[in-house]
Structure formats: C-alpha cells, structure tokens
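Presented sequentially are two complexes of chain A, the first with chain B as partner and the second with chain C.
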Partner chain A sequence: MAAHLSYGRVNLNVLREAVRRELREFLDKCAGSKAIVWDEYLTGPFGLIAQYSLLKEHEVEKMFTLKGNRLPAADVKNIIFFVRPRLELMNIIAENVLSEDRRGPTRDFHILFVPRRSLLCEQRLKDLGVLGSFIHREEYSLDLIPFDGDLLSMESEGAFKECYLEGDQTSLYHAAKGLMTLQALYGTIPQIFGKGECARQVANMMIRMKREFTGSQNSIFPVFDNLLLLDRNVDLLTPLATQLTYEGLIDEIYGIQNSYVKLPPEKFAPKKQGDGGKDLPTEAKKLQLNSAEELYAEIRDKNFNAVGSVLSKKAKIISAAFEERHNAKTVGEIKQFVSQLPHMQAARGSLANHTSIAELIKDVTTSEDFFDKLTVEQEFMSGIDTDKVNNYIEDCIAQKHSLIKVLRLVCLQSVCNSGLKQKVLDYYKREILQTYGYEHILTLHNLEKAGLLKPQTGGRNNYPTIRKTLRLWMDDVNEQNPTDISYVYSGYAPLSVRLAQLLSRPGWRSIEEVLRILPGPHFEERQPLPTGLQKKRQPGENRVTLVFFLGGVTFAEIAALRFLSQLEDGGTEYVIATTKLMNGTSWIEALMEKPF
Partner chain B sequence: MNRTKGDEEEYWNSSKFKAFTFDDEDDELSQLKESKRAVNSLRDFVDDDDDDDDLERVSWSGEPVGSRTRPGSFQSLSDALSDTPAKSYAPELGRPKGEYRDYSNDWSPSDTVRRLRKGKVCSLERFRSLQDKLQLLEEAVSMHDGNVITAVLIFLKRTLSKEILFRELEVRQVALRHLIHFLKEIGDQKLLLDLFRFLDRTEELALSHYREHLNIRDPDKRKEFLKTCIGLPFSAEDSAHIQDHYTLLERQIIIEANDRHLESAGQTEIFRKHPRKASILNMPLVTTLFYSCFYHYTEAEGTFSSPINLKKTFKIPDKQYVLTALAARAKLRAWNDVDALFTTKNWLGYTKKRAPIGFHRVVEILHKNNAPVQILQEYVNLVEDVDTKLNLATKFKCHDVVIDTCRDLKDRQQLLAYRSKVDKGSAEEEKIDALLSSSQIRWKN
Partner chain C sequence: MAPGALLLEAQKEYEKESQKADEYLREIQELGQLTQAVQQCIEAAGHEHQPDMQKSLLRAASFGKCFLDRFPPNSFVHMCQDLRVLNAVRDYHIGIPLTYSQYKQLTIQVLLDRLVLRRLYPLAIQICEYLRLPEVQGVSRILAHWACYKVQQKDVSDEDVARAINQKLGDTPGVSYSDIAARAYGCGRTELAIKLLEYEPRSGEQVPLLLKMKRSKLALSKAIESGDTDLVFTVLLHLKNELNRGDFFMTLRNQPMALSLYRQFCKHQELETLKDLYNQDDNHQELGSFHIRASYAAEERIEGRVAALQTAADAFYKAKNEFAAKATEDQMRLLRLQRRLEDELGGQFLDLSLHDTVTTLILGGHNKRAEQLARDFRIPDKRLWWLKLTALADLEDWEELEKFSKRQEGCALPSPSASFCGDLHETTQQI
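Let's turn to the complex of A and B:
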C-alpha cells in the first residue's frame, strides 16, 4: 500500500493495486527463476507501482539494464525484457539474444512491451531474425501511473511532439484507453468538457470505445462528476514561464523524475562535531518527494517566498516538542513522550532536508541573473515590450547562456505577442544560429511548427484580449496568503487553470469570445448514466473534476488546481492527469532535433 | 481439432517451443497440422515468403486463433474490469478452434482492424483490391490506434506502387502523417524524400534532407553533404544560413588541418603556450571567431583563419565581433589589443574611446577574465551613466573610481560609508580622509 495515494477524494490506490495485479500475473506466466532486463527509462515509472520485493516474490532474481552485446551471466530460467516499443531498443535486444552463448544452459526469452505491443517493433525483431526466440511477447498497459493522491501521469515524454508535430495520435489513444480504465474502476464520468483538437479526438475515441464495450453496463457509482480535457497547445504560455512554487522551483532547478530529485550533497552532510568538514559525500542526495511526507505536502504548492516562514515556524514547534522531555516527570508522561519520539524524529529529519533544499533554491533565486530573467518574463506576460528585440535575451545569447534558456524566453515573447514581427524573429534566429550552431535551424522549425515561435500573421496581437478577459495578469498578488491562482507565478495566473476555474464557475459561456481565439474546438459531451447511478449531491458536497492535460502539465499548474480544490466555497475538487509531468526546459528539450 | 484450451495451454507452456518444426511428421505434433495449414494459407501481413524459417513463422504468424492465448494473456487491465467483460474483448476465447478454419475469408476490413487492435495476428493479404485496402486504412484511421494504422501502412507500402500509395494518402491526411512519422522512424529517407517531392512540400523536403547531415561524422563527407543542401528550396532566410553552414565547415577543415600541423610542429608560440583543448570542427560560428581571435588575431585579412576575414565572410555585426574579440584577447591578457579595440581616431588625429557594446559590458567581460584592477579601473571610468559606474566600481573594488565619483557628486555620506570598505591604513583610506577633511569641497550632504 502506498498510503499517500488514498489521502485524496479519489482513492488512487485502487488503480495502483489493479496494475500491480496485472504485473504479478505476467510474471507468474514465465514460470521459474527470472532476470529482468530493463529499458532504463521504465525503471522510474515502475518504481511508483512496485518495489523490488514484489518482483522477488515472483522469482525475479536479477535485474539488468538493457545494453548492447552479451547479457550478463545469470543462472535463471527466464530472461524478460521490459521495454518501451522503440525501434532502437529492438536492435539492442536482438544483439543480446544473438550473442547468447549456445553452449550454456538455454534460457527462455520474453518481452513485455510497455505500454503496448508494437507491430513495427515486432517486425524489426523479425527482420533481425530473433522474433522466434521469444516465448511470451505481451503488453503491459501501464497507461496512467498514480503519482500522488490527486495526480496521474502517463510519463510519455514524446507525447507532445507526436501529437502536435508529427500528427501521430498514438499517445491520445493511450490517454483514451487510460481514461477507460479509470472509468472501469471509478465509474462512468457523466460529463466531458474539452478544448482543443486533441481533446476532441480523445473524447471521440472514448465515446467509440464505450460503444464497443456494450456487453455490460458499468455498475460502479461514479466518483468523478466531470472530465475536462485540455490541449497543451491551447496554453503554450504557462510552461515557458519559470514556476515559482516550492515544488515548481525544485523541478526547474534540479528536475524531478518520477517523484525523485537528485540534489548536490554538500548541504546534506551530517553535521557532527570533530568531523572537521572532511569526508564530504560526493554522491548526489536522492530524495523522494510526495505528499506521504507531511511537511512536503504542506509546503510543496506554496509560493517559494512563503516557504521560509513555514519552515521557521515548524522548527520552533519541533524544538518545543523536544523540550517537553524536561516536563515529563511521571512514568506515564515519559512513556508518552517516548512513544511520540519516532514521529518527532521523522519530522526533524524532514525539516532538515527541506531547510537544505530551500537554501539551495534561495542561492539561485537571489542571484542577479534569476532576478533579471524573472523581470523579463513578467514584462512579457503583462504585455510590456513584447514587439521588439529584448536586451536581456540578447545578452544571454552573447554570454552563451544555455540554448534552452534562450529558447524559452524567445518563445515566451513570441507567445505573448501572438507571434514576433518578422524582423525581430529573423534577428533572434540569426543570433541563435551563429552562436549555437546552424544545425539548430531544425529545432527552430520544430518550435515554429508547434506554434511556440512564429512570425505574427495579420499584424494582430490577440494576447492582450486573452490576458484581460481571463485576468491572466494580477498586479496585487499575495504570495503568503494567496487569494488567487496567480500566486504560483507571482502575478501570472496560468491560462489552463483559469479555463478550468471558469468552467466550474460561471461556465464557459461567459468567455465564448476568448475560447474562439484560442486554438481548437471547445465542446461538451454527456455520458448518460442509468438512473440508479445518478448522483444526488448533498448540500455543500463538492464536485470532483478530472482535468487531463494532453501534452504535459507543470507543477505550478498542479499547485494552482490544488489551491482551487482547497477554496472553501470553491465547490470543486480536482484530480489531475497528464501525458507527462514537465517544465519549460524538458518541454523544449523534447522538441530539439538530435541525430537519429 | 478438438484440442481443448487447457491442453493447448499446457503444451505451449511446457514444451520446448524451439524443438519442433512444421515439417515434422511426429504424431504428437500432427494436431498442429491444422494450424500449419492455416499458417501457410495465411500470408501474414509482415511475413515475407521466407520458407526457410518456419520457426519464426510459428511464433509470428502461426498463432492460430486462441492457441497461444491463454486466459488473461490479452487481458489488459481494462479487460479484467467489471464493465469490459473478456467476451466482448476476445469473443473467440474458449471456443473450439475449428470454427475459425475459414476466418481469413470472412473478416471484413473492420473486423480485421479490430482484431489487430487487440494485438491479434491476422492476414491482410486477402485484401487485394485497392478499394479493400483503402477501406482497411480508413477503418484503422477511425480507430486512432497508431500501432494499427502503422501496420496497415506497412502492408500498403509493400503492396501498392509508390505513385498510388502517395496519391491515395494525399487525400487522407491522418494516414499521411502517420506514414511520414513511420518513414522517419525506420529511416527510409529515400521514400520520405520522394513523398515530399510528390506532395510538393518543398521546404519539408529540404529540411528533411538537411537533417541527414547530423548523422555524418566524417567532416569531409559532412561538408560534401552540406554542399548538396545548397540550392534546395529553403526559405530565403534559411538558404543563407545553410550556405553559411557549408562555408563555415569548409573553413574549419582548412583551419583545423593547418593548426594541427602547426601545433605538432611545436614552433609556434601561441600553440605551445596555449595548447588547443579541442578541434574547431563543427563548432558554431561565434566559437570559431573566438578561436580565430585567440590563435590568429594578427593575421592579414587574406587568410581564411583571420578574424577580419571571418567577420566579412559571415557578415558578423560589429557588436558581436567586438564582444568575441574582447573575450579572446582578455583571456590572453593582451591588454594592448583590448585597448586598440575601443580606440578610434577622429580626423584631427585625436583618439577617442568608443564601445558598441557599452563599457559596462566591457568591464563585466574583463572582470570575468581576471583583469587587474588598473585595467578594470580604466574602463569603469569610461562608463557614462554615473550610477552604473559607481555600482560597477564598488562591485569590482575600483576604489579610486568610487572615491573620485563621490567627490564629483559631492556625496559626503556615501564616501563616509565607503571608508569602512577599504583596508585600514591603506592609501585609499588616506585619500578618503584627506577629502573628508578638505575645506575646498562643498558637500551636498
């Protein structure tokens, strides 16, 4: 059990248990001792649903990372490849199989494709002459992985590129399948709303899939009231801006992978007297970040500027609690104190970790360059000077700051100006190509195709209309005690979340004009429920809306939705699903063109 | 053909799969003849006629319906769940196989696609007419399952002529996008380029061709390849960049050969003192300019490696040039060169200092390169804006500039405050004290 998954309004442990069961069933099919050869990318997502102990219980004795040449020696009956359906991985698998020592004991090979079998991959295996070597070739439809009590992700890093650049809808199909699985576990979702081309497609697929499963009615009482499908390209702006929540900043600076973060170890060195500062740890400190940790759950979604005061308050409470030991006089009192010790020690450890992380982040956020960058971002988002070459961006290029940083800023400017003037765009392009290399023409074209960086057409800038109507820029933001979602970017209210907010109250009819400016159709579908399953909401009972971000979501957007869930008179609680947890950097990176 | 599911399961789980072939007349295996026939009558949609490899065909196409399908093997999570009973997903489970003897003739395109989607093997070969094939494609597209669309496209690619395939896909945009993605994935560059040519998508054709250079390691081959990109239908802007890319690599190859020779000969001071850390091949233009300002600064314009030549060839703007030259010369601590970069003479022969990038930037770059205070001071003094000047001077500890500026501003308070920042008993402290006690200055505060 992963207790933190059941804290929310919807118990996501049910989903986790279901996918674990499927994994066990597959493992049992390959009778006897086994070794798993992992596509390294998968180990992170798998870690969220199963520990090594589960695999061990099913006779997994060895685990290897998928690499070329011969497989490491292992005295096992079965070798199972856990892989994504990717052609380049098939080549490696074939190499492994072909270099198997024929004189040794024969081992059975199997492949488990995650999240699904691919005919293309199987053909590649066939072309390489190894397809017949596999006894089981199956798929493990790990579509939606529970990350937290209110958060699910497909962790499909190519989804945005495939959908919006290549026009390949495979990941949308998986999203639809994942949603069908959710409905099978949590009941039919009576209302579907959506905005964007991909959203429309997913809704269509869901309706079609439902029609195909006519065999029996879903008899589960619906947990979700609404589903909101949102295309990432409806809101290209938000991920480009620097997230300013605690979790968002950890992700921006260190990158959170499958709810783990690796941090520089210096700040985490145990402080012992007489240590003399030697033996500093050299390996990165790896920490798991989720709401199972009480303190983290409290501060993760706060604006970073509000984190310090919480930490110092906590420090006082914990010190006071430890001081209590002096007051414990009777045996009973001492016993009670001792019984609380483990909890207090955990709290102290957690506090120490987050104080260290906050220090690391503060080093960055108080730097001059961070301030300058933020100033420029905020100018763009509030509509200042978006139509001319920006000095700071020019300086960044001249000083050869990271290309991704430069691209994020240029794209942000472009999005906040509904495209750049041709002269400005050409200038940036030339500077970038001359400084970072001509081959980035390809990346610039990808960005243009995705709509992130483009010339302004028709000489019209729609962004001010969108900004004003949706109140995307709030001048009087309260970072300590926020009253509006704009606190997550210290002034900018994420467009995507504003759409969710306005949908729940007063409804999208109030913003028809803006919805027409934003790309793709907006729509509403109903999935009729049998009368027995129709919900009679108690007065004061909140609705539950599942917001599915097609193409990725940032931690700041998640924070903004959690903020709305917690509003006393909000009326709606949100569960979030996405194709990928991302930030501006990982997003741009995925759009960059690399050698084959 | 009355083998039950249980037996089947046992067989597939227990027997050594590799141990039999279809040609084997062994009685125990005769039950499999039926499936052998089925297999052989089937032409699996990816299975070419390689009869020498029966083993493979068994595992790939020799999956007679349900035979290897143990209960649950296709049960994805959604199958196992209450509202998607297994029977709706895989209706043939548990039925005797005999019923499917003629399946390959019965299934409509829509049934076939549905089966493919469930991960089952079925033959596409029986769809012979163009109309059938297109219907198959349309069914696949309407399912939105990229895996199935691709499977059908593989079949179409193999059984249709290029012209017909292209023509039909042109009016089926979703399938077309999948084909393009698929061709990119398998690296069938030739067909991809043919397709773009057919569709008259000239810019994509050009970009896709250009993209190939990323995979060419050998610099000469890469250069030759880039040459073939010149003149392709890029946008006007991009055309110029592609041309520059080629010219740059051409230069780099010449410079690299020359400098490697000079370095190994060991006769040239600059290479002895500052051995090259890496080859200049495939570096960006600005990096190349830096390199050239570092190793070839004084060369005449006529040589390929001279900075001036690079500047002219690639029309590098003044600002960019000065920034790069400054960084390179400062790194070498060639302060005279730095000085010369900003010195202009007017017609009367007076010299004047001018920096197209602003002297505040000059100071930052010099500081980054550990320029001594005397040098820094000189340039801090040239910063026009007084506040910026004071800030920079304070930041980089150019005491004289701070003190003089405070004096000029008649800002006694700031000077007083600055006194605490200089060393006790230093010349600077004395200078401040002298100013503070001077009766000549009319302080504003």
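Let's turn to the complex of A and C:
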C-alpha cells in the first residue's frame, strides 16, 4: 500500500490504483508464466507503482535488463519487453528476437510501450522483420507517476533539453495526455492558467484532446479548481541557486532518484560493542524518502538551519517515552507500553537516520567553500556586482573545481544580469575552455541556446525590475519560523512560486508589466462544466491548484508551495506536477554534451 | 369471462356514464383479479393491429390502474412506446407489418437495422430519439450509415455532400468522420474524403487515411496540429520515401516543428543528412558544432581532426561567431602542439585541456616549455599562479613552492597561499 499518497487534499492513490489496474490487466492478457525484459530507465519509476510482489502474483518469474544478443535462458511461456518507444531500443529487441533459439521451446513475445505506442517504432520492427513475432503490442500510459501525497512527476529526463533546445514536443504531448488522464479520474479542471511557450502548447493540446473525447461526458465532480502551467524557461534562475531546505540539500549533495537516496555507509554503521565496529559496511546506504515517514514529513521542507532544533526536540520526546517504562506499574500499564513499542522503535530508527544525514550535510554546509559559494550566489540574486567578472568564479576555475559547479555559477550570474557583457562572457568561456577542455564548447553552445548563458542585448538589465516587483529578494528572512517562501533559499523567493502565489492573490493583472518581460505568452482558458458539476464553495474551503512545471522542478520550489498550502489564510492548496524532479546539477548535466 | 374483458366492458360503461361500470369493477375486485385484468388489457393491446382497438384496451388498463394502489407503471409505459413504434413501421408508407411477438423477438436494434437498410433514416432517427436510446447505439450510428450512403450519391457535388453531412452530423458524439471518409475514398471520391476528414477531430484516425490517399503534405500539417510527435514522424518517413530529396527538404522548410523533429531523427540515425539540412538552412553555427563532433567521433589521425576543426572554424566565421572560431583555431594549434610534445617528450598529451597540458609539463619538469605555452595561449596570471601552486604542491616540491610564493609577493594577487600550502603540507605529512 502507499498510504502516504492519500494524506493530501487530493487522493493520489486513486491514480496509483488506476495505473496498477491497467498493468494487471495487461499482464493477465499474456496467460502463463512470464519473464519481463526491462528498459533499464523504467525500473526506477515502475518501482513507485508496483513492487515485485504484484508482478509475481501475475506469474512474472524472471526479470532481465534489455541488452543486445541473445536473451538469457528462462523457462517461461511469455517474454514481455517493457520499453520506452525509442528506435535504438527497437534494434536491440529485434536482435533479441532474431537470435532466439529455434530448437528450444517456443516462447510468446509481447511488447509494452511506456508511455505511448509508437508507429515509428513499429515500422522499425517491421523493417527488421520481427513485428509479426509479437502477439500483444500495447501501450501503458504511465505519464504522471505519484511520488507523494501532493507530488506527481513524469520523470522524463530529457524533457527540458528536448523542449527548449531541440524543438521536440514529445514530452509536452505526454504531459497533455497525463493531464487528460488526471481529469478523467479527478474531473475536468475548470480553469487553466499558463505562462510560457510550452505551457501554451500543452493547453492547446488539452483543448484539442478534449474535443476528441466529446460524447463521453465527464461526470466526475472536479477536485482541482485551477491548473497553472509554467515553463521552466520563465524562471531559469531558481534551479541554479543552491537549495537550502533539508530535502533540497540532500538532493543537492547526494541526489534523490525516484524518492530513494544513496548515502555513504560509514555514518550508518550499527554501533556495536567490541570489535564489531571495524568492518564498516561498504555498500551505500539506500533510504526511501517520502511523507510516509512521519519525521521526514515534518522536516523535509524546513530550512536546514531549523532542522537541528526539531531533531533534538524529537530526541528528548522519544527518550522520555522510553523512560515511561519505569512508571509503568500495573500489568495494564506495561501492556500499553509494550503495544506502543513498535511505533516508538520506528520513530527512534527514523530519528537516528536523519540525525546521521543531518550530520553529513552539516559537514558540507559548514565548509568554507560552501559558505563562499553561497555568498556569491546571494550577491548575484540580490543584484550585487553581477556585471563584472567574479573573483570567486575565477578561483574556482583556476583550481579546477567541478565544471558543473562553475557552470551553475556563471549561468546564475548571467540570468541575474539579463545576460553578461560580451567581454565578461567571452572571458568566462575562454577560461572554461582552456581549463576544462575545448570539447566543452558544445556544452556552452547548448547553454546559450537554452538562454542560460547569453550576451546582454539592448544593454538593459531587466532583472532588478523583476526582482523588485515580485519581491524576489527578502532581507529579513526567518529560517526558523518562516513568514515568506524566501526561507527556502535563505533570502531568495523562487520566481516560479511567486508567480503561483500572485496568481491566487491578487491575480496576475497586478503584474502585467513583469509578465511581459518574462519570456512567452501568459493566458487563461476556461473549460465549461455542466451545471450539475459546478462547485459551491463552503466558506473557508480552500481552492486546489495543480501547478505543472514543464521542464522540471526543484525540491525547494515544492517546499515553497507546500508552505503556501499550509498558510492559514492562504486560501489555496497546491498539488505539484512536473516533467522531472531535478536540481541545478542534474539540470546542467542533462544539457552537457561530451563528444567522446 | 376473463377479468380483462370485464374491465374493458367496465371502462366502456364508464364512458357512457352508466352505473354498470361500478358493478363490473366491483365484480373484478371481489375476485381479487384487478391486477391481472390490467395486465391482460395491456398485453392484449400489444397484439391488436388496429390503433382504435389498441387505444380502448389501453384506456381500460389505465382506468383499472386507478383502483390499484401500487401497480408498477413500466409495463404500461413500455407497451405504449412499443405500440407507437410498431404503428409507425406498420404504416403503409413503410410497410413492415410486424407483430408484437415478432418485434420482441427481433429487438429494436434489428428493426433499426432493417429501417437503415431500407434507407428510412429519418424514421429510424425519430424512433431512436423517441425511445431515448444512447446516442452511440442510436442516432449516431444511423447518421453514420446515412452519411456512408450519402457519399455514394455520385450526382451530388463533393462540396454539397460534405456540407450536408456536416450539417446533419455536427459534433454528434460517436460519429467517426474518418469511417465515412474511408467509405468515400472507397467509392473513388478522394476530394470528398479529404473534405470530410476536415471534420475529424481525432488526428490518429485522420492522418493514416490521408497518407493512404497520398495527401502526405496535408497529413503532415494535420499531424503537426495534433502535437503527437509519433504521428509527425510517421508522416515524415512516408514523405521521405515518396518525394525526392529536394522536395522533401523544401516541405520541411515550411514546417519548423517537423524540421526540428527530423533533425533529431537524423542526429541518431543519419548523420550525413543532418549536415545537408544545416547546409540548406545556412545554419553555420550548427554546422560548426557538427564538425566539432565529427572531429572527435570520426577521425583518428591528427590531420583529419585538425581538418575537421578547420571546417568548423570556417563555419563559425560565417556564423559571425568570432569567439567560437578563435577558440577552434586555438584548439587546432594546441592539438598540433600536443602531438609534437608526445613525439619529443613521450607521454600522453593529446586531448588534455590547455590547463592540464601546462600542468603535465610542470610535473614533468619542463618548466620552460610550460611558461612558453602559457604565454602563447595567454593564460591569465592569476590562473597560472594557481596552476603552478597546485602543480608544485603535487610534486611536493616545498622549496620551489616557497621560492615561488616569495617571488609572487608584491603582486596584486589574492594570496590564500599560506593557508592553502599549510593545508597541503599537513595532509602530505600525514601521509
């Protein structure tokens, strides 16, 4: 079960159950024992939908990773390929099928395309002469995967690059399809707002798809009041800055993949007496991070500086709870104490884990270099010295710090200055090429194409206007008891979230001028509802807005939206959807190109 | 006498305002047969062919119902509806003399099919509407049949047929314009089929048919409209086989979205075509990048690599990207130099960055060469200073390091050297 998905305002377990049902139905179509051949990229996201036990219930006996040559031996009736619709994968599948041993027992082949069946791929299979070998060729429309009670992601790594660099809208089409699925389960969303070129396209596709479905009137009472589509390139700044929430920092430092994080094992060594401590575990410690864990749900979105006090408070409560046993006199009291033990032990384990993680993070955040980097970032974001070559960046290059770190900083400076002066830009580029190698010229081209790095045109720096109007920089930030979203970056309020906040109150009309400066059109569409389904809001009832980040979202932005949901007089609760959960590092990495 | 017959009599007397009505009714009620009597009247009405007789029987049933507390209304209502349908088809204009039992045996669906076969579309639709059949089974299906028949009327112009069909069908749910279009195409009316496809909202249905009718360009624009990239790809590959290369490229040129998709395809499948595409668009910037990639991927020999880079540099000049052109020329120079260094000094130099090349030289004790290289490529002082510092620390050449840091004093360079060297010293001593 995935109980944590149903905690939120919108029960996302409904979605999970729907996709699980679809998977079961497909598996049952292929009667008999089965082996699944996986496109490796899919295993992570699938893990959030169905564990091995579900597959096993449906006679899946073996699992392989898709690779060339002959398939491993398996005494099963069906071989099912779970793949993304990509041509290079089709070639591998064809190789598998063709090298199948003719003398052995015949096995049935099936193919399940995730998330969409593709004519192009089927044509390729046909050209390779294997299309006829497949009995079932179906699609499994797993677009939006529920990650948490208020979080959905498509986990499509290349989405930003495809949309903004290569003019490939495939992921936008999938996003629109995913939104249609969502509407089929949770009712038509009456109002759509959007900002950006891609947002416009997704909205257009949704409207078009709705026309294709005329006839099957959706009779579900709408759960979402609004949909806000936001292009990542409307706010290029936020992901570049270092996230300062607990979850954000875990992601920045260790990288969270499909809600799992791998941590260095030393801190998690079981503390035993005697010489047991000598053989430290060498395998990375893998932990799942979601709101199913009570403690994590409480601290994940806090500024890291506020996490320590919560942890120590929790420690006191737990040890006090364990001390209770001395007060338990009667058999009844002891019984009650014992019944609480499992819960207490789980809480203690979770506390121990997070104390260790917090220590690991603290080692990083208290380092001098982290402090220097943060200072530079904050200077840029508050508009100080963005127009000249920065000393710290120069030093980082000279000492050959990681290239991604350098690129993040240079891009941040460029974005905070609406582009760099040609001289400054060329200087940075030259330094990077000389130090890290000429081949990175391709990466630099990509960054320029995406608008992350650019020469200032027209000699005007728009960023100060945007910063002031949207109040992106707050000097008096309270990290312990925040009053504004800017706590997630200790001063900087993420632009994307500010747009969402202003949309709900007082509305975008108040910031028309800034919206015109930001790239892409802004728009509003209404999807009329039949009179029976129109909502009569109870007094004090919050609206529910689905915010869809096209091109990726960071954990800090999610934290900021959750903060807004929890505001007492906020009036709006947010559910977040995205093409990919990301951070500045994974983002830049996806844009890098290595020719060898 | 059956209770039903008595009820009929009672009702007749009632109309005559005779007290006999009450007598008869009492008689039925005393025997407790009123329910049965009503049912008999309803059923009998079904088997009557004369509307007048049907009416009086139903009236009797209705009269009887008044004296019953809970008589389920369904059977009465359904019978009225069924009779209405039956009387309609029994009309001499239509001429289907169906008995009630036959009708029940056949079901309404079959009756509708028969009407459709006789092209009695309006009646069929009226029946559907009257019986409130779900649209997909009822009205839409009949309209689709009608449209399919309509497209076979060769004496009416394409324009008129298409308009007539759209007027009748509108956005009726469940009607597949592509099915109708396929029928039109089957009758050899391609133009009409295209006109009809205009009304098809599902591009997944629309595009394959357009391709089949060899209207690939139209198919392309429809596919693009839908946003379904897979569909666009399908049309593109179709077009590629259908048109000669020049025409194909021209078609792409007018469709930026298709063009960028095709570029993606070429990037993975047909690199040479990609180059042609960039050439056609005079996209020198991308051509430059293309040749850079080629210099790494395709070429083994240094001359080949330099030549590829030269092409790239030329492209960058054409793209007015001075910076990239200069950087590429620098790289050519560096490659040649690295080659020479490998010949003269041995070791690995190729594909190191400039920074790393200089570092390697210092580590190898070739300080002069390192200085020379740094000057030739104008490495800024500050970075050179860091470079040397790191290299000397790696060499654990503390003496030289001390001399070096003293030499640099007075220079306007930041000097975290003390702490940096301290750190290094500590770590190395620990080792």
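We take it that the second predicted complex is superposed on the first by the 590 of 596 C-alpha atoms of A that agree within 3 Å, B and C clash if a C-alpha of one lies under 4 Å from a C-alpha of the other, contacts with A are read in each partner's own complex, and residues count from 1 in each chain.
The criterion applied here is as follows: a contact is a pair of C-beta atoms (placed from the backbone, for glycine too) under 8 Å apart; a residue touches a chain by one contact, two chains touch by 3 or more.
All figures in this text were calculated on a predicted structure; none of them were measured in a lab.
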Task: Identify whether chain B and chain C fit side by side or clash on chain A in the overlaid structures.
output: clash
- prompt: In the superposed arrangement, which partner chain does A:211 touch: chain B (first), chain C (second), both, or neither?
  reply: second
Task: Could you tell me if A:138 is touching chain B, chain C, both of them or neither one (first, second, both, neither)?
output: first
Field: Which of chain B and chain C A:167 touches, first, second, both or neither
entry: both
- request: Kindly classify A:438 by the partners it touches after superposition: chain B alone (first), chain C alone (second), both, or neither?
  value: both
- prompt: Is A:355 touching the first partner chain B, the second partner chain C, both, or neither of them?
  reply: neither
Message: Contact-wise, after the overlay, does A:527 reach chain B, chain C, both or neither (first, second, both, neither)?
response: neither
Message: Looking only at chain A, is it chain B or chain C that touches more of its residues?
response: B
Message: On the A-aligned overlay, A:391 touches which partner chain: chain B = first, chain C = second, or both, or neither?
response: second
- request: Considering only the stretches 109-117, 145-153 or 397-405 of chain C, report the one that runs into chain B.
  value: 397-405
Query: Touching chain B and also chain C: which chain A residues?
result: 85, 87, 116, 118-120, 123, 162, 166-170, 172-173, 176, 201, 204-205, 208, 212, 214-216, 395, 398, 400, 426, 429-431, 433-439, 441-442, 445, 595-596
Query: Tell me, which parts of chain B touch chain A in their complex?
result: 13, 17-18, 46-47, 53, 55-56, 58-60, 70, 72-73, 75-78, 80-85, 87-88, 116, 119, 142-148, 150-151, 154, 173-174, 177-178, 180-182, 184-187, 207, 210-211, 213-215, 237-238, 241-242, 244-245, 248, 282-286, 314, 316, 320, 323, 357, 361
Query: Can you list the chain A residues touching chain C in their complex?
result: 85, 87-88, 116, 118-120, 123, 162, 166-170, 172-173, 176, 201, 204-205, 208, 211-212, 214-216, 391, 394-395, 397-400, 426, 429-431, 433-439, 441-442, 445, 595-596
- request: Enumerate the contact residues on chain C facing chain A in the complex.
  value: 135-136, 171, 173-174, 201-202, 225-231, 233-234, 237, 256-257, 259-261, 263-264, 268-269, 285, 289, 292-293, 295-297, 323-324, 327-328, 330-331, 334, 351-356, 377, 379-380, 382-383, 385-387, 390, 414
Statement: Interface with chain B, chain A side, in the complex: residues 18-19, 21-22, 25, 29, 31, 85, 87, 116-120, 122-123, 126, 129, 131-139, 141, 162, 166-170, 172-173, 176-177, 180-181, 183-185, 201, 204-205, 208, 212-220, 395, 398, 400, 426, 429-431, 433-439, 441-442, 445, 593-596
